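Below are structures written as structure tokens.
In the two assemblies presented below, chain A is common to both, partnered first by chain B and then by chain C.
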Partner chain A sequence: MKKRGRGMACMWYPIGFTVAANPSAATVKVNTDGTATLLTGTVETGQGALTVLGQIAAEALGIATDDVHVVSADTDTTPMDTGAIASRTTYVTGNAVIKAAEQAREILFEAAAPMLNVKPEQLEARDRKIQVLGFPQQYKTIGEVAHHSEIVIGRPAIGSGSYNPPTVEMDPETGQGKPFSTYVYATQIADVEVDDETGEVEVLRIVAAHDCGTPINPMLVEGQIQGGISMGVGFALQEEILFKDGKQVNPNLTNYIMPTSLDMPELEVEMVDNYDPTGPFGAKGAGEPTAVPTAAAIMNAIYDAVGVRITSLPATSEKVLSAILEQKAA
Partner chain B sequence: MIVKLKVNGEIRSADVSPETTLLKLLREHLNLTGAKLGCDVGDCGTCTVIVDGKSVNSCLMLAGRASGREVTTIEGLASSEQLHPLQETFEELGALQCGFCGPGMIISAKALLDKNPEPTVFEVRDALSGNLCRCTGYTKIIEAVLDAGRIMSTAEAKS
Partner chain C sequence: MATKTKEVLESKVKDSEIEDLTAPDNLKVPAKPALKPVVVPVDKPVVYPLDLPESEIRLRTPAVGQRASRPDGRLHGLGQTQYIDDMTFPHMIFAKILRSEHAHAKILSIDTSEAETMPGVLATLTGAEIPVNSFGPTLQDQPVLANEIVRHAGDGVAAVAALTEQQASDALSKIKVKYKPLPAVFDPLEAIKDDAPKVHAPRSNIYASKTIKKGDVEKALKKSDQVFHKQFKTQMVEHVPLEPHSSVAMWDANGRVTIYSSLGRITLGRDDLARTLGKPMNKIRLVGTIVGGNFGGKNEITTEPILAILSKKTGRPVKGTFTRGDEFISSTTRHPFVMDYTTGVKKDGQILGRKIRLVLDGGSYCSWTSTTLGKGGILAAGPYDIANLLVEAHAVYTNKTTTGAMRGFGAPQVCFAYESHMDDMAHALGIDPLEMRLRNAFNEGSVSPTGQLLQSVAIKESLQQAAERFGWKESTK
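Coming up: the complex of A and B.
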């Protein structure tokens, strides 16, 4: 008989690693046509990091994302970045991009101030313009200012910045410290159906609520969460590297089984409104934590459905069935 | 052996050894590198192309078997003026992340929509079940296929 159950799991996850230094650097130059070029050492792996970093630079400079040309991942030319790891790119590299963009913007403000007969601190960068705060009709375009700064003043609008998350070393006596700069939180709820005659588990629906600060690009964050859940579903029910005499016996996708489009449950993703004052425009991170609570939620749902605790992953049909039979025998 | 076939509407031919797969013919002899070489044993689906209206794993089909047939690859979908509705909706919804499964995913979806422009969610899931994706959780891909189906059937109804 098929039995339904619901399970929940919560998690927290640190953004960026610590113990060792964890820096990112970036360079932003504003071009005389009003566009900008961002140099970053980080790598785009499909998560949309370069889009997000371009958005961050654009926001800081008051221009459009399409105006930012991102050059990345070339050790010959781009500034150092610790890497596309530890769910750190939006947070750590994003903070470096803001610093670099702000430095370039400061040069633009200093160039524009005498052009507009105000002080640099009375200016803002918005809508591709450098304009007077409170008097947006008094402006020069970013391109004009960048050109003036380069050709007349002789000070090209280029900024560079780096960010290394501040941490406090753990006290060996008390165990106290601040090992990570910030944390993200999530809860996922899984609805499953377990066949108590075969042990087969089907995940019907997963609802995921994640706090990743203020998402810079909600569509990309949603994609990260959906992808993380699919990895979590595989981790919970299917995926296992099997060894025999030191050799992997399932090195192909024929026998290393991962979720297909048919295995994916219905997903509902919720981004919890939050703002982290230490993150770029309030953002934290989204990558790895998306996969963290899924398997635990599914295991709790299995317990809710058939009353057995599965304590090793994946919860294959064989494993679930033998737990059910054991429970019946006891 | 000489293999002559129609690829994306054009007659193409190549001199290949008998064990050459359709995928190798496309990628190495015809320079159509859109279909990807993933697992090379028919598990992952990133080499998917359409042969006479059916989606096939081109890594499992010998080039000789494709002789005289009509093959559509991802390169055959967009014109220089316009993307295929599937390409548009995949882009619009952010349906791909690393993109390695993309060409096969879109081709499998096209093979479905050509026959069944208004599929159910299950029919879409079923049609894509031979195309593995490690990044996206398939969710946005399925939405993009449903959206493209709606766009295609509206366009059909208008013409």
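Coming up: the complex of A and C.
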């Protein structure tokens, strides 16, 4: 008989390396038409990092996402970056991008101030304009200002910046210290059906609520959560490298079974409203944590459905069935 | 010209002729229907739209918070993204790596002479020819190509560069490696014992440890109304990126080497290349492209130094792309954990103390194990305010596939344990699992297991939001 169960799991996860320095640097060049180029040493690994970094640069310069072209991942041309690891790109590289963009923006403010008869600190960059704070009708377009700064004054608007998350060494005896600058939090709840005659587990639905600070691009965060859950489902129920005499017996996708779209439950994904003052525009990160609580939530749902506690992953049908049979025998 | 070629092509695809071409007598498979060749219209290149409408969201200000589409999305959709394996360069050749079949053995000799005479083979390489034959993000304990000891079935021992991938693969079987098998250890709980075979003799198999202490856990357990204990275990899994590891290396006449690589961290990758190749950093250009999935598995160099030296030896660009088999047996994997949890609670569900012991199967080389150990240990108690805590975590070498960085660095393993444990305790105490978590979860300003004051904490909000969306209260049985 198929039995329904529900289970929840929550988690916390840090952003960036554990204590060790993991800086990022960035360079922003504003073109004379008000568009810009961002140079970053990070690598796009499919998560949308370059889109998010472009949005951060655009926000700091007061221009649109499409106005920023991002050049990445060439040690000859792009500044150093610790890389696409430790859910650190949005937070660490994002903060470096803000600093670089602010430096370029400062050059634009200094060029625009005499054009608008104000001081640089009375200016803001918004909607592709450099405008007077409180008097938005007094403005020059960013293109006009960038052109003036580079062609007339002879001062191109180029900025560079770097960021490293602040940490404190951990005591070797007690582990006390500040290993990370910030953390994210999440909860996932799984709704499963367990066949108590075969041990087969079907995940019907997963609800996920993730904190990533203020999302720079909610669509990409949703994508991360969906992808992370698929990895979590594989970790929970299917995937395992098996060995015989020290040799892998299933090093191929015929015998190492990963979830496909048919194995995926219905997903309901939400972001928790939050703002981290140390992050770029309040953002933290979203990469790794999305895969963290899924397996635990599914195991708790299996328990709720058939009353067996699975203590080793993955919860294959064989394992679940033998736990059910053991429990019946007891 | 194009039209003429087309005519020639079309004239060649008469059915009778296809039979002859695809089912020669020596194949003896006439029962199968002949495959119809795909006729590529040579005068009509693949057309893709260039006048797609601008994405309106990408033009909006302010930029942050917008559901902006990715500029690479369109290229992916149209098949225009160039992954490393799509790249080709004039005179490019291909490398393949011979891997150990032994989990633990001493290499007595490696003879590549016969392989060098095989058709298409331009060069071979062994570890002895690599200037600095070791790498690793924390401990440099991993050889680029093993030349003394193999520590898992998957260690590379020699490489071949040939005109085609097939020729390179064929030549691998002609490399003669003599091994003296050594006793091996596969279970981390066995490997932790004093008399276990040493993976990196004479060093201990325990190669990293971490302790986190807060309050007085023994006292707290004594004061508890109930103490729960359980052991949890997790398995080894692969990242399985759609795109396997792939690189192309080109050594030029000025001694400068350019490497296109699927690495996810090029700055540190260049450091590793400079070290292994013994070259100044400015003589190395490392270029990353769009990576087809990383998940932690592409965070360190693999074949890049091998390809660079083979390029130097042959004067040709050399490409190396992992097969799916290489991906499983030679790239890094997720650490299996053995986790012992002991937790003391009050009747109302408040956790008073928790003792945790983690043993990580650290595989054959360190890779990112220290990071996994650290994060796993710090996170092991869960997002809960626990005044009295002891976490002891150890990473142990085994003669298995190298374990390294993988999405979550130990967090999915410990979360499985602490959240399963949490539900066990909630059920035993008769407390709703949501309530049990809310009673113990961090608040803004809570102090973490390492004594850190936590800010922008949102654990209770996430619990309540997920429960509400799920209909947790309504769905009670």
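Basically, the second predicted complex is superposed on the first by the 325 of 330 C-alpha atoms of A that agree within 3 Å, B and C clash if a C-alpha of one lies under 4 Å from a C-alpha of the other, contacts with A are read in each partner's own complex, and residues count from 1 in each chain.
By our rule, a contact is a pair of C-beta atoms (placed from the backbone, for glycine too) under 8 Å apart; a residue touches a chain by one contact, two chains touch by 3 or more.
Worth saying up front: this structure is predicted, and the values here are computed from it rather than measured.
Chemist: Return first, second, both or neither, reflecting whether A:18 touches chain B, chain C, both chains, or no partner chain.
Modeler: So A:18 only meets chain C here.
Chemist: Looking at A:252 after the superposition, I want to know if it touches chain B, chain C, both of them or none. Which is it: first, second, both, neither?
Modeler: Once the two structures are laid over each other on A, A:252 reaches both partners.
Chemist: Quick one: is A:314 in contact with chain B, with chain C, with both, or with neither? Answer first, second, both or neither.
Modeler: second
Chemist: Contacts for A:45 in the overlay, against chain B (first) and chain C (second): which applies, first, second, both or neither?
Modeler: both
Chemist: Pick one for A:264: touches chain B only (first), chain C only (second), both, or neither.
Modeler: Touch status of A:264: first partner only.
Chemist: For A:327, using the defined touch cut-off, is the partner it touches chain B, chain C, both, or neither? Pick first, second, both or neither.
Modeler: Neither chain B nor chain C is touched by A:327.
Chemist: For A:219, using the defined touch cut-off, is the partner it touches chain B, chain C, both, or neither? Pick first, second, both or neither.
Modeler: both
Chemist: Let me test your reading of the model: by the given contact rule, A:230 touches which partner, first (chain B), second (chain C), both or neither?
Modeler: So A:230 only meets chain B here.
Chemist: Going by the touch definition up top, name the partner, chain B or chain C, that contacts more of chain A.
Modeler: C
Chemist: Identify the overlap between the chain B-contacting and the chain C-contacting residues of chain A.
Modeler: In chain A, positions 45-46, 48, 219-220, 228, 231, 252-253, 258 sit in both the chain B and chain C interfaces.
Chemist: Tell me, which parts of chain A touch chain B in their complex?
Modeler: Listed in rising order, the residues are 45-48, 219-220, 222-223, 226-231, 252-254, 258-262, 264, 267.
Chemist: Which residues of chain C touch chain A in their complex?
Modeler: Chain C reaches chain A through residues 54-55, 57-72, 101-104, 152-154, 184, 186, 210-214, 230-238, 240, 263-268, 270, 281, 284-296, 298-299, 324-325, 328-329, 333-334, 371, 374-375, 377-379, 382-383, 391, 399-401, 405, 407-409, 411-412, 415-416, 418-420, 423-424, 427, 433-434, 437, 441-442, 448-452, 454-459, 461-463, 465-467, 469-470, 472, 475, 477.
Chemist: Give every residue of chain A touching chain C within the complex, in rising order.
Modeler: Residue positions touching the partner: 6-14, 17-19, 41, 43-46, 48, 50-51, 54-56, 58-59, 62-66, 68, 70, 72-76, 80-86, 126-128, 170, 172-180, 182-189, 191, 207-211, 213-220, 228, 231-232, 234-235, 239-241, 243, 245-248, 251-253, 256, 258, 268, 270, 272-278, 281, 284, 287-289, 291-297, 299-300, 303-304, 309-314.
Chemist: Going by the contact rule set out above, which residues of chain B touch chain A in the complex?
Modeler: 39, 41, 43-44, 93-94, 96-99, 124-126, 128-142
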